[in-house]
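Next come two complexes built around chain A: one with chain B, the other with chain C.
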Partner chain A sequence: MRQSQRRNLIKLGVASAVAAAVPPGAFAQQKKYDPGANDREIKIGNINPYSGPASAYGAIGKAIGAYFDKINAEGGINGRRIKYITLDDGYNPAKTVEMTRKLVEEEEVLLVFQPLGTPPNSAIHKYMNQKRVPQLFVATGATKWGDPKNFPWTMGWQPNYQSEGRIYAAHLLETRPGGKVGILMQNDDYGKDYVKGFKDGLGDKAKAMIVSEVTYEVTDPTVDSQMVTLKASGADVFFNVTTPKFAAQAIKKAAEIGWKPLHYLNSVSNAAGSVMVPAGAENGIGIVSAFYLKDPTDPQWQNSPEYKEWAAWMARYNPQASLKDNFNVYGYTVAQSLVQVLRQAGNDLTRANVMKQAASLDLASPMLLPGIRVKTGPDDFFPIEQEQLARWDGKTWVLFGKIYGK
Partner chain B sequence: MSAAPATSPAAAARGLSRPALAALVAAGVVVLCIAPFLVKNYRVFQFNLVLIYAVAILGLNILTGYNGQISLGHSAFFAVGAYCAAIMMDRWGAPYWSTLVPAAALCFAFGFLMGFPALRLGGHYLALATLALALAVPQLLKYKKIEAWTGGVQGIVLTKPEPPFTFELFGSPLNQDRWLYFVTLGVTIVMFVLAWNLLRGRVGRALIAIRDHPIAAGAMGINLPLYKSTAFGVSAAFTGVAGAMSAVVVAFVAPDSFSSFLSITFLVGVVVGGLASIPGAVFGAIFIQFVPNIADQISKSAPWAIYGVFLIVFMYVMPGGVAGLGQRLFRRRSAAP
Partner chain C sequence: MEALIQQIFAGLATGGIYASVGLALVMIYQSTHHINFAQGEMAMFSTFIAWALLQAGWPYWGAFLATVAVSFAGGLAIQRIILKPVEKAPVLTNVIVFIGLLVIFNSLAGWIFDHTIKPFPSPFPKSSGAQLISPHDLGSIAVMLVVLVLLYAFLRFTSVGLAMRAAAQNPESARLVGIRVSWMLGLGWGLSAAIGAVAGMMVAPIVYLDPNMMGGILLYGFAAALLGGIDNPWGAVIGGFIVGVLENLLGAYVIGTELKLSVALVLIVTILTVRPNGLFGKTVVTRV
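Up next is the complex of A and B:
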């Protein structure tokens, strides 16, 4: 870290020398700045759990930094370098508050980018909006981040749980409109978000189609009895809204009791390594789930120029990270969205303009699935709402069908 | 524990006269009062956290340092205090200052009850039993029957209290954080004075006697079960007050804020500051607040490894904690002619 700071300083020196050499007026007129931006650099803050129980997510924070290194090496954004300050909160909301205040009040960043996790973001939601500092592209799928009326300084990025729920509903109506649906959901905001989206998607038919809806608590040891209840209800469609441990249990139990419904698995738990394989790869055959990023282990992408560019960036700027880790695709892609926002902002680097530009995006990104776009509007604070479905074939997820969502 | 002369023993040994001591205390008070106006808001917020941790560590020290009962469950009491304050403010609109006494009372009761199993368990077994408490509480807080109160996984977002009056000093206004700094400082001082009075008298001697030789202590007529349970209750009450203040200062509570790791952090604070030392709690608090941040600045890949190195070096250089080092230096000086 020290070393990279020194390197940054040297680069900064070079950059400022270059800036001094460029005659004034070479940049467009009317430069406007808020704290964290000037002629030479843009300060971006980030918070990730580099320590603690959720430290696997720390890969995202590092990947974002590595992408900004690439942007800086290529001359920065409109001639300005990105200064990326990323801090560790250990997934502890109290620590998130402290670190956010450090970023906003001491480091004086232009914006806070991609803080991770629903509880940490909830802890700073009000603060960021009171301070009028962008809390941009938060790394959580809760639906509450897209509320421009009450929280105009906060925006999500990844598909939110409700829109994903609607996608499963759309597919269900197309393929099995007479299906009898059983739902297993975690009894909290995350579970309710998914089920609300699903029911909204089914519309009037929701009441007739859903025959059973059972919940479990995070504190429950297993979901075995819930699975038995669902099978007994006569459902032939299963909407599985569970976190990884319970998802694996549910898949295993369904196989044990010989229940073979059309099985929709929420994307929270569609990782091969932590869910599908532990559940028994054979048990999961036929399960349907939603995706929006290219899986770096999927052979169909590995000869594409987009993948090669990503792999070249990995090799040059993020060499210690794993080429199999989806988080490196995620970090790369979300950083590209921010770079686009800052490009659009031009020389008006105020916090208000950052939010305005973030709310007028329409962009394709190389590692998003083909056809999926990052789209926002003044009333649409949900950047990615499109996903494609994939079916588990016992070894990998195989994409099929059209792109769902708007 | 010889009879104290007119000047306090510490001051007398350092060769300070009473006026000099008074001047020193006055200077300390002035520094404490103007410090928040010299730094940014964010630093003030960190000072508040240090004060809060100091009270929590002091609470744990009463139990572990003075009474010799190891607890890995103090994050649970911290959480109960925090949730007590948060629910009072959020549900009933209670003012922030009114939450401290109920938090203390609730945690005292909770801790006193926890003290009963502690009577049958000693040493490592007690540590494990209390660890179970620390593990259980964050999950229980998510329980759906009480979700209407606790806010479940999402926690409770609070509003920071506005200062009742405002003025400027060195160009910095008395804002929410600076006001809370004075509130926290006041509460901290009260808690330290309470602890001082408790531990420097008969009760303190009884607690230490139980720690050093329970059988002898019993033979001398000390009511072991009562003292041990009360120590647990008082310790929990201190930590609960700290938890309530943390809810006010952070303005957010969620189960993830009170993981069992927080208990271990408190224990680190107690040991670094110095077992059975009242002022040591402040140093312990400074350590647990700032060293993780330093570790994070050094390495993003292995912040905890760096933290571990700090801790090992620290313990090697100061085996008795900061307070222990202070005592050693002090003895050396007073032994010299």
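Up next is the complex of A and C:
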């Protein structure tokens, strides 16, 4: 009895000696968890439109899941598996709220990753920030997601509409500083965001250069009348801020009425298959648009190791999805950004640390265009702000010039 | 000046679209005295059928006629199966069924054919360079006028047309003189679905085919039909052209593009308050 007590005392002494010898930094490695994380797994919530009018985007949610499958098969992140819970909101903001509450309150996820669309994200913006749950890398280009002062729990990912608008303005000032600009925009926040960035980019010259600005509503059957007005204004530069259907109409109508301006098309509508081909591939020759991801159909990438790695992942983990679909590149790349955030977070898997790590990224991703980096800081909640321009040659987009943006 | 003329012609082209949808609305109103809110979605679905046939390698006019026939049968079937049970129910019940049909057709089309826009071929020659009005616009206006004449002749000069109008206006008396009122309603649905199919196939090359193709157009179609008089096919067509041109001219020169849609809504409200029978409609007097 006495002997064992003494032994215990010795043990205690040894223990405190060891404790004193351990450098203080190691205590940071002490495991800290918020709901949704433990020694074995990290729970990540996601909301995507798998049904309804925007269901084409559902491919993104599936691709993200397929990428996490790959990470899990390779041993997870710092030894923890990712448990990915993805729900369908049908692009209906009311349902987004319901699904988000389910993820946060019932499933108790560590964070909500990549909810898709501006209206759905707007609907949960305040809720996520009140609950202090990360609304991380939202899938929309609205500029309002980069507001760390007022909304420290929300962060975008893709280039925002304003920075893209500034890129077109920069190119315009370089190539046609005396141009007369006509703008067609959707009459909502998305359209206004783009036009604001474009005008900011033109600076003092905006007033003199923009000769006509017309809008359309999503309920308008066509934008024919607007195109006639723009042509009549004498504009020789066209900034086209439209969603796919109206973009195709505008491209076709411009050709029909014989208007051949320097045509900037917002990246929202630069998919070859769903806009450029329906518009009539030859009608769009010369159109300029901005890109940040590698186009999987572009032959210049198809022999690169990055493309081959992506294609191998597709074949193994996402075999039903199309190798031509850009959304699979998008999902793959955005999932890589999150994996990096979680790796950096180490054993401190609190929601606060997730946001802290998300705000200290500087990473290149294999399927981002060469030279473009995912960069954030405590005051910079805009991960991707660089893009490169490409010109439609009648068959495909051909990249040219430098990388714009910071 | 050139811009003004172009605006007018662009207005006529879209007016033709509104007119063809307005015609289908007049048709259903003539035969049932209801306004079918699912008219646009049915037309859209018919157009998808045509698209699927074309994808399968059918020639254009073959697919066109087959689609019109299938749509006629489909419209008839909808009336027989879904609307017959609520034939005698209050108007509101019918309206709810119409809205249900709208949602069903929209979701079905999205589920089967997905939501990406699809180019739809035009049977008319391609436009060559800058023109005031494209061959397709002209062609579709011509097709619509042919449909109008056929419809007018049918309602005015055939005994079935007469029976149909009677069944809609006074079902009890019609039944007493031996008209099979219920089948007349079915026939009306079939015909309006067929007209809708023609409208859809003429509209799709201009606005691109997707499940939401007819959403906004139906609203303008209502304005057109109400402006001309909901019981008058000619009125609906003229109403369509007026709405199309008015909307463009006001949008381009007076109120700006932000308020373009409001033109249609203001028109609907104004007509309903000032002249409920429309420009060319008949005033119905009911003897008590």
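To be clear about the criterion, the second predicted complex is superposed on the first by the 378 of 406 C-alpha atoms of A that agree within 3 Å, B and C clash if a C-alpha of one lies under 4 Å from a C-alpha of the other, contacts with A are read in each partner's own complex, and residues count from 1 in each chain.
Throughout what follows, a contact is a pair of C-beta atoms (placed from the backbone, for glycine too) under 8 Å apart; a residue touches a chain by one contact, two chains touch by 3 or more.
In this text the structure is predicted, and so the values were computed from the model without any measurement.
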Let's test your reading of the overlay: on chain A, do chain B and chain C clash or fit side by side?
clash
Looking at A:T143, would you say it contacts chain B, chain C, both, or neither? Reply first, second, both or neither.
neither
According to the stated criteria, A:T333 is in contact with first (chain B), second (chain C), both, or neither; which is it?
neither
Once the structures are superposed on A, label A:K126 by its partner contacts, choosing first (chain B), second (chain C), both or neither.
first
Applying the touch criterion given at the start, work out whether A:V228 contacts chain B, chain C, both or neither, answering first, second, both or neither.
second
Based on the superposed arrangement, let me know which partner A:N187 touches: chain B (first), chain C (second), both, or neither?
both
For A:K102 in the superposed arrangement: first (chain B), second (chain C), both or neither?
first
For A:T219, is the partner it touches chain B (first), chain C (second), both, or none of the two (neither)?
both
Once chain A of both complexes is superposed, is A:A56 in touch with chain B (first), chain C (second), both, or neither?
second
Colliding region between chain B and chain C, picked from 22-30, 40-48, 58-66 or 94-102 after the shared-chain fit
94-102
Intersection of the chain A residues that touch chain B with those that touch chain C
52-53, 187, 217-219
Looking at the complex, which residues from chain A come into contact with chain B?
1-2, 50-53, 58, 61-62, 86-88, 90-94, 97-98, 101-102, 104-106, 118-120, 122-123, 125-127, 187-190, 217-219, 320
Within their complex, chain B touches chain A through residues 40-43, 45-46, 49, 139-140, 142-144, 152-155, 157, 159, 246, 250-252, 254-257, 259, 261, 292, 296-301, 303-304
Write out the stretch or stretches of chain C touching chain A in their complex.
2-3, 6-7, 10-11, 13-14, 17, 110, 114-119, 127, 129-131, 134, 203, 206-208, 210-212, 215-217, 219-220, 247-248, 251-252, 256-258, 260-261
Would you mind writing out the residues of chain A in touch with chain C in their complex?
52-56, 187, 214-222, 224-226, 228-229, 231-232, 244-245, 248-249, 256-258, 273-275, 277-278
